């Protein structure tokens, strides 16, 4: 999995029928220093994440292992909103607190 | 998934029998700034996209989760034509309008 | 899928039994400008491609979706020999003609 | 698989139900020279690794081939804590000894 | 698949039970010029390769398509020891002969 920040949303009406009802979010990868990386991924949202949230996303066939993405042609899924993470024993990020924007 | 623009088409007569009837499009990856990236992907088309369309494509085993690509040896599929997307609360692209070429 | 040119062949006698009878080709990735890229891939050949042919190959689990690669430990397969492709409305490559070597 | 060092932990309460009880570790990739690489991965922990441990992780659908990750939306798993490895006939790393920090 | 040279071995006692009995080799990727690349991969060995051997390895779910790796959390497998390969009609490598070290 990778850390990313939700930065936007994609809308599409012409799509495969199996995509109906899925929310597609634009993610910007962030490093463990919480700085924006250059990578961007469009991911299905399985947890109701909002713009600005720090999230974890999974890719590949693992992205289909949620009830909302099962059997759908999606290769990336937001499977968790990050509450906190630490690095070398120090808290780097706490939702609504340290490191949050 | 990634954003891309349809830029061409590939034709092949000598191919595995399971590819019959599939339309193979040439995609150029685009960033969220809508600028062309350097990456190119050949993808099966599950939505009838045309040259110039901004699309989403999925890769890996997820590319086979559509009725037209099921059980076929394709690792990339166009699964949606993008109508619009926003970034940090601003509309970046609207089909036939802002950001469209 | 990606475009590539067949540039060689690999032989191996000590291999997993499931590889028996598979032809393994050396592919050099080519861009849509038909210039050689730096990437090299060894792929199972499902279509009888020859050295010099411009081909499409698929990777990952999709590489096992052909009768010759089913259930085999191969992660790349040549699934089509390219006849032609166009880009932005112009023919870039035609087998035995424009762009072919 | 790749070598990595466990450098932290991620906490999330809003997540897909299938993630309950999984420990998510922050990994920093290391080369065979044991120097830190720039890559970071968040992986499910199937072996009870601790911060500082040199581990092996697997990615993709293979990350779901453990009893703790089966059918879960995770694309990386720690499947072994490294005891030792050698390179060109020389021991490079021994847990609690040479090369360990 | 990719070409690589076996350069070492990894030992681990604390690992998922499904890894028991698997030999894990350290591979260094090599190009078709037989020069060492910078990439390193840890792969399960399905063919009994030794240090110094030029091998082919497969990644992803395809790495589990051998009797020794089936249902195991491994994402890379050595599935062949290379006897020879040619490039543009010239023999580049022959085991025990040209290009072998």
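Think of it as A, B, C, D and E in the order they're written, each chain with its own count starting at 1.
Note that in this section a contact is a pair of C-beta atoms (placed from the backbone, for glycine too) under 8 Å apart; a residue touches a chain by one contact, two chains touch by 3 or more.
Not measured: the values here are computed from a predicted model.
K.L.:
Under the document's definition of touching, what chains do subunit A and subunit E have as common neighbours?
P.N.:
Common contact partners of subunit A and subunit E, which must touch each of the two, are D.
K.L.:
More than half overlap in residue numbers between the two sides of the subunit B-subunit C interface, or less? Answer same or different.
P.N.:
different
K.L.:
Could you tell me the distance, in whole angstrom, between the mean C-alpha positions of subunit C and subunit E?
P.N.:
About 21 Å, centre to centre.
K.L.:
Counting in whole Å, what is the centre-to-centre distance of subunit B and subunit E, each centre being its mean C-alpha position?
P.N.:
About 34 Å separates the centre of subunit B from that of subunit E.
K.L.:
Quick one: which residues in subunit C touch 2 or more of the other chains?
P.N.:
59-61, 63-64
K.L.:
Circling the ring from subunit B via subunit C, which chains come up in turn?
P.N.:
In ring order from subunit B, with subunit C immediately after, the list is B, C, E, D, A.
K.L.:
Would you pull the subunit C residues touching subunit E in the complex into a rising list?
P.N.:
7-16, 18-19, 24, 26, 40-43, 51, 59-61, 63-64, 71-76
K.L.:
Provide the residue numbers of subunit D that touch subunit E in the complex, in ascending order.
P.N.:
1-3, 31-32, 46-49, 56, 58-67, 69, 77, 79-89, 92
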